[in-house]
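What follows are several structures.
Next come two complexes built around chain A: one with chain B, the other with chain C.
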Partner chain A sequence: MRVLKYPRPVEMIVLVNAIGFGLLFFYKKPYDYFILIAGLSVILLVGFGYFAIRKAKLGDGYLFLISGMLSSIGIIMLYRLDRELGFKQIVWFGISIAAFFASYFLYRRYQVWERLTCYYPAISLFLFVATLLFGRSINGAKNWIFIGKFSIQPSECIKIIFVFFIAAFFNKYKEEFKELTALRFKKEDIKLYILMSGAYMHLGLMVIQKEWGTALLLFLVYFMLVYVLINNRLFMLINAGMASLGGIGGILFVSHIKVRVDTWLNPWKDIAGKGYQITQSLFAIGSGGFFGTGIGLGRPDFIPEVNTDFIFSAICEEMGIFGGVAIVLLYFILAYRGFKIALYTVENFTKTLALGLTLLFGFQTFIIVGGVIKLIPLTGITLPFISYGGSSLIVSFIALGILQAISAGPAAYVTRKEKLDGESK
Partner chain B sequence: MENQNKRITHVMVLICFLFLCIVVYLTYFEVFVKDKILTSSYNRRQWEQEDTTLRGSILDRNGVVLAKSTMDENKQERIYPYGSLYSQVIGYNSKAYGKSLMELYYNNELLNIREYSSIFNFKEKLSGELKTGNNLYLTIDHKLQEKAEQLLRGKNGAVVAMRPKTGEILAMVSKPDFDPSSTKLAQNWEELIKSKDSPFLPRATQGLYVPGSTFKVLTAAAAVENGMEDRTFDDKGSITIDGKIFNNFNSHVYGNLDLKSALAVSSNVAFAQIGSELGEKVLKEIAVRVGMNREIPFDIPLNSSRFPYESMGKTDLAAVGMGQGKLLVTPLHMAMIASGIGNNGIIMKPYLVDRVVSSSDITQKSVKPDKFSQIMSPETAQKVKDMMQYVVETGTGKGAAIKGVKIAGKTGTAENELSSKQKNKEHAWFICFAPVDDPQVAVAVVLEYSGSTGGALAAPIARDLMRQVLGK
Partner chain C sequence: MFEIFSSLLKYIFISVIYLFIFAIIRMIYLDIYSMNARRSGQNLPYIKLINRRDSLEMKVEESYILDNNLTIGRAMGNRITIADPFLSGQHAVFDISDGSCSLKDLGSTNGTFVNGKKLENAPVVLNDGDRIRIGQLDFIYVAGLEVQK
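Coming up: the complex of A and B.
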C-alpha cells in the first residue's frame, strides 16, 4: 500500500528524471539509447548519495535531496540544449558528489578551520595572482586558469574562502565585538577596520577581474553577516555608504556597469546590440507562458549564454513560469534548511559559517534569476547547481558538503537541536 | 545569542521576500508585459511559428484576396496581389523588417496562436505537420479602394470612406504608399526610410492635420445648442478680436449672413465671432464629446485627435471656432464625425476586420456594430445636416453635388506651418455623407499642401467615391 502514501522526496527525484529523460528519448528519432543511460546514471548518483547520508546518519536529510533535484533539472535541460554538454555535466555531477563527501569528511576530520584566520586572505590573493599570471579571458573577464584540457574558475573558490575568513575573524575577536555597542573611534575599533579591509580586499579582487556579480554577492553576504554578528548601526551605515559610493561611482565611470544599468532600464532602445541578451531572455520567458512549451519544443537555443547564465530563461520557456517558480521555491527551501542549521548551531564559528554559506546560495540565486527576468540589472553569475560548468557545480557541492557537516553536529560541537531532541524524548 | 538568532530570522525573512519578488514579478510579466513584447521582430520564435504554420489570407468584404501566403519547399512567401494598394492598411510581413499594421496586430489570428495552443497542438508539433492560420475578412470594398487610390494618385493625402450606420470602413487610402512585398521592401528600404514624404506613415489613421473649416460643423452644432441659431453676422471680410485680425479666405466680403449661409460660404469672420462668444467650456466640451484627446478603439493604431489647450484666450477661441489654432485631427476621425452627424448624432465604432474565419471555414470571431458615442441630439444633428446640405447645394461644396442625390458636406482649406511662410500650401479638406435622409456612406478627403481649396480639389474626389457607392 506504499503507493497510496505520499511519495518520499527521493522518489520524486527519480520520477522527474524518468519523465525528463524519457521525454528526451522519445523526442528525436533515431532513438538515442545513450539518453537512457544518462538518465539512469543521474538517478543512481542521487540515489547513492541519499542512501549514504541516510545509512551513515550524516546529518540533514534534505539538503542533498534539494540540490539533487535542482541538478537533475539542470542536467535534463543541458542535455536537451546540447547533448555533449549534458554528458559532461553528468561527469561533473559525479565528481561534485565525490567532492561533497570529501569536504564533509575533511571538514569534520580536521578541526583547524577556525584557526586559519590570516591564511584565508592569503589563499585568495594567491589564487588571484595565479589567475592574473596564468589566466585566460573568456567573454571579457580574465578569470579562467587552464590546466591541460581543463579550465577552472578560481573566483568560485574565493567565494567559500571569503565566508571562512569572515567566520574565523569574528570567532577570534568575538569577545571584543560583543562589547562593541557603539563605535568609539578609538584604538579598540581597529579590529573592525581590519575586518572591513579584508572583506573589501576580496571585493576588490572580484572587481579587478570584472566579476561584478560576484562582487555584489560577496558584499551582500558580508553586510548581512555584519548585521547579524555586530549589529552596530553606525558601522553598517559606513559600509552601506561605501557600497553605494562604489555603486554610484561604478555606474558613472565604468562603462560596463553603466551599460548594464541602461539595458536594465530600457533594453528595447538597443535591441540588436546591448539589449540583445536580456530581450532574448524575455522573449523566451514570455513564449513559455504559464505551462511552458514542453521539453524540446521551445527555442531556448535563441538565447545567448543559455547554458550558464541564462539557463533559468530556458527552463521558464520549456517548463513554464510554474516550472520557474518551482525552481525558485526549491532554492527557498534549501536556504530555509540552511538558516535552520545556522539557528540550531551554538558554536560561534560554525554558526557564522553555516549562515554565510546559506546566504551565498540565497543571494546568488536572487542576483542571477532577478537579472535574467529583468527585475534587477543583469550581472553574469551562475545559477547554483543548475548552470553548466564544473567549477560552479563542484564549488556549490563543496559548500553544501560543509553545510551538511555542520548539520551533522560533530562530537566536538553539541548542537542545540540534539539537546532539544533529547529533552523531548 | 538569542538576539543573534532573532537577527538571523530577519535575514531569513529578507531572503524570503526577495524570492517572493521573483515569483510576483514573473507572474506580472506573464500577465501584463509579455503580449506587448513577443511581437518584436527580434523575437525569432514568431518566424519559427511561421515555418510550421501557413499564414492566413486577408480578404475584402466580397472575398477578393488582398494578401495570401504560399509555401514552396519549406519557404513561405507573403504575396500582395495589389501591390501598394493596401500597404497602409494591411502593412507588411517581412523577416528582415518585421511586421506592421494588420500583419502585426492580427499576427496571432493569422497564425492561429492561442495561449493554450501549445497543449492542444501537441501532436502537430511533435509530428511536424503544417498547420494553417485563420483568414481575415475585412469591411473594405476592393472596387472602392481601387477607385479611391486612382483619385488620389500623384497627390499626398488620405481618403476614408465608411458606413455611418455601422462604422464599417469601406475604403482607406493613404498616399504616398509603398510596395509591401519582401523583395521590393529589401530593394527600396533605404530610400523609403529616408524619404521626406514619410511613405511608412499611414496618413488616414496616424496623420494629424489641422481640420480647417471642416471643424466649423462642430462650431455650428455648438452654436445651435447654445441658442445662436437665429443670429446674424455682418461680414466685412475681416474681424479684429483682442487685437488680432481674422480674415476670410481671400478677404472676401459677404455682408449680412445667418448661421446657415455663414457655413455655406465658410465665413471665418462669422465663426471666429461664434467661437469667441461660445467660450472655452463649450468648445472644449464638444471637442471631447466627438472623441478628441481620447483613445478611439480600432483594429490598427489610430492616433488621438488633439485639442491641446490648457486655458484659452479670446484669440484662441476665435481660431478654434474656425478650425485653426492648435487643433489636429486624423482623416479617419473626420470621417467618423461626418458619419455621426449623418447618423442622427451617433458615432459608431469604426472597424476594419469583419470576421476571423478558420481554415476549415468556421467563424472564430465576428464583429457586431457598436456605438462609440452620442455627439449631439438628433434635433441638433438634423439642423446641422440641413446646413451641410446647403453647403453642397449653394456654397463652397458644389463640387461634390450629384444629380438626384441629397448630399451634405463641408469644405476646408487649412492653414498650416508651411502655408504661413509660403503661398498655396494649404491642406484641402472635404467631409460629407449621402444621401442626407438615409446615409449610406461618409467620406473624408484630405490633400496635403495642395495649394487650392477643399471645394475645388477634395470635393470632386469625394463625389466620385459616393457615386460609386450609391451606384449613380
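Coming up: the complex of A and C.
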C-alpha cells in the first residue's frame, strides 16, 4: 500500500492558479470578485484541454501540461502587473487553446504539408507585403496589421511558415542531400544554395521590418537544422561566414544594434538613458533574492516593457531566482519532449518539422532570457507562452498543436530499434 | 495583512511549481525506465508484433513482456490495452506456471488463434515461435531463457 500519493501534474496547475489568483484577490481593496472568476476560467481552460487530450487520446500528454503551467504563471504575473492586460491575456489564452486544437486537426486532416515547398516562401512574401501596405508601426518597427480593433503581427506567423519551408525543402531533395559530403563545390550543390537563398529571404524580410530578434531566431533554427540534416562542412562554413559578416556589419553600421551591444558590454555608463532597460531588469532580478518578494510586493513596474520582453525579470523579482529557474526548467522539459517526438518519428518531413518547432521554442527562450539577464545582447522578442501578446501566444500554441499532432501520428511511436533497422536497409 | 499572506504563500507557490516539474520528470523517468526494461528483459518470455505498425490505426508496442495472469483486451484495466476494434473487452490471458507459458481465450467474440487454430476454453501451452493472432494483430511468441530450461 502506498501511503504517499504522487502528485498529478494537472492538480499542481490548479493549485498554482488557486494560490496566485487568491493572492491577487486580496492584493488591492476594494476586493474584485471578477479576479476569482478569471482564475476559475484559467483553471477550466487548462483542465478542458488536458482532459480533451487524455480522453480523445490525442498523443503526448505532457506538452499541453507544461505549456499550460507556463501560461498560468504568465497570466498571474500579467494580472498582477495590469488587470486589464491580464484579462485580455485570458481571452487570448482561450483563443489559443482553440487554435491549438484547430491546428492539431487541420494538420492531421490534410496531408499536403510536405508538397507545398514553393508556396511557403510565397505566403511569407505575401504576409510581408501586406504588412508593408497596411501595417502600422509600434515602437519603431512597422510590423502590425490592424483589422478593426484587433492588431496582429504577421512576423509571428512567418516563424512557423519558415520551419515548414525548410522541412518541405529537405524532404523534397533528401536523396540529393545525402551525397553532398565533399568539401569541394559540386554542381549538385546548387540545391543547397537555393535553400540558403530561401532561408535568407526570410531573414531579409525580418531585417527590413527591423525585427532583429526574430531574424536571429530564424537563423539559429536554420543553422541547427542544416547542422543536423546536411553533412557538408563547406556549406556550414559559408553559412557561419555569412552570419558573422551580417553580425559584424550590423554592429558597425546599424545604430540600433550598436546601442544594444554597447549596453550589453557596459550598461552602467548610461544608466538613465540607453542602459535603463537592462539595468532596471538586473536590479529587479537582484532584489528578488532566492524566493522573491512575494506576489504583489515587488516593484516590477520600474522595468520598461515589463509585460512583454521583460516579464522574466518581473517573475524573478516576485517569485525569486527559484521561480526563474523553475521557468527555465519548464522550457527544458518542453524541449526534451519535442526532441523525443522528433526522435521517435520515422517520416523525414515530420521529423524535421518537429525538430524545427522545438528549436524555435528553445532558441526563442534562450534569446530573450539571455537578453534580460545580460548574458547576450538584448533583442526584443517575446517569451513563448508567458509574454503578453495575442499573436505570440496563438502562434506558440499553433506550433505546439502541430507538435502534438506529430506525436499522435500512427507512425510516431516506432521504437529506436525499428528505426535503426529501417535506416540500415 | 496582505504582506504576511504573500510572503508566506510565496514559498508554497514555488514549491508547487517544483512539485509539478518533479511529477513530470518522474513520468519521463518511468518512460525511459520502461524502455530500458523492454530492452534488457531478454530472458523473459515475450510476444513480438509481426504486423507493420504504420499500417495499424492504433498505438501498439513492438513487443510485450509476458507475465503471470497477464490479460490482454480492448477495455481499460487490462494489463495490455490495445484499442483494436476487433478485440473484445477482455480477450485473452497469458499465464506462466511450472516454467511454461500458456494462453487462454476469455470467451472473446472474434477468437484467439495459435498457429491458425482457434482456441477453445482450455488454456494452450505455447512453444517458442508460435504465431498468435488476436483481433487484427499477429504476434510471434518468443520463449525466454527461464521458460526454456
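The working rule: the second predicted complex is superposed on the first by the 403 of 425 C-alpha atoms of A that agree within 3 Å, B and C clash if a C-alpha of one lies under 4 Å from a C-alpha of the other, contacts with A are read in each partner's own complex, and residues count from 1 in each chain.
By definition in this document, contacts are C-beta pairs under 8 Å (C-beta built on N, C-alpha and C of every residue); 3 or more make two chains touch, one makes a residue touch a chain.
Treat the numbers as computed from the prediction; the structure is a model and nothing was measured.
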Of the two partner chains, chain B (first) and chain C (second), which one does A:Met224 touch, if any: first, second, both, or neither?
first
Quick one: is A:Gly324 in contact with chain B, with chain C, with both, or with neither? Answer first, second, both or neither.
first
Touching A:Leu15, do we find chain B (first), chain C (second), both, or neither?
second
Could you say whether A:Gly241 touches chain B, chain C, both of them, or neither, answering first, second, both or neither?
neither
Which superposed partner A:Ile66 touches (first chain B, second chain C, both, neither):
second
Is A:Tyr336 in contact with chain B, with chain C, with both, or with neither (first, second, both, neither)?
both
Tell me the contact category for A:Val369 with respect to chain B and chain C: first, second, both or neither.
first
For A:Leu297, is the partner it touches chain B (first), chain C (second), both, or none of the two (neither)?
both
If you stack the two complexes on chain A, which partner ends up touching A:Gly249: first (chain B), second (chain C), both, or neither?
neither
Intersection of the chain A residues that touch chain B with those that touch chain C:
27, 291-294, 297, 329, 336, 346
Looking at the complex, which residues from chain A come into contact with chain B?
27, 224, 227-229, 231, 268, 271-272, 276, 279-280, 282-283, 285-287, 289-294, 297-299, 302, 316, 321, 324-325, 328-329, 331-332, 335-336, 339, 342-343, 346, 351, 355, 359, 362-363, 365-366, 369-370, 373, 375
Going by the contact rule at the top, pick out the chain C residues touching chain A in the complex.
1-3, 5-7, 9-14, 16-28, 35, 38-39, 53-54, 56-57, 59, 61-62, 83
Sort out for me which residues of chain A touch chain C in the complex.
6-9, 12-13, 15-16, 19-20, 23, 26-27, 57, 62, 65-66, 69, 73, 291-297, 318-320, 322-323, 326, 329-330, 333, 336, 346, 410-411, 413-415, 417-418
If you look only at chain B, which of its residues touch chain A in the complex?
1, 3-5, 7-12, 14-16, 18-19, 21-23, 25-27, 29-30, 33-34, 37-38, 40, 42-45, 48, 115-116, 118-119, 122, 125-126
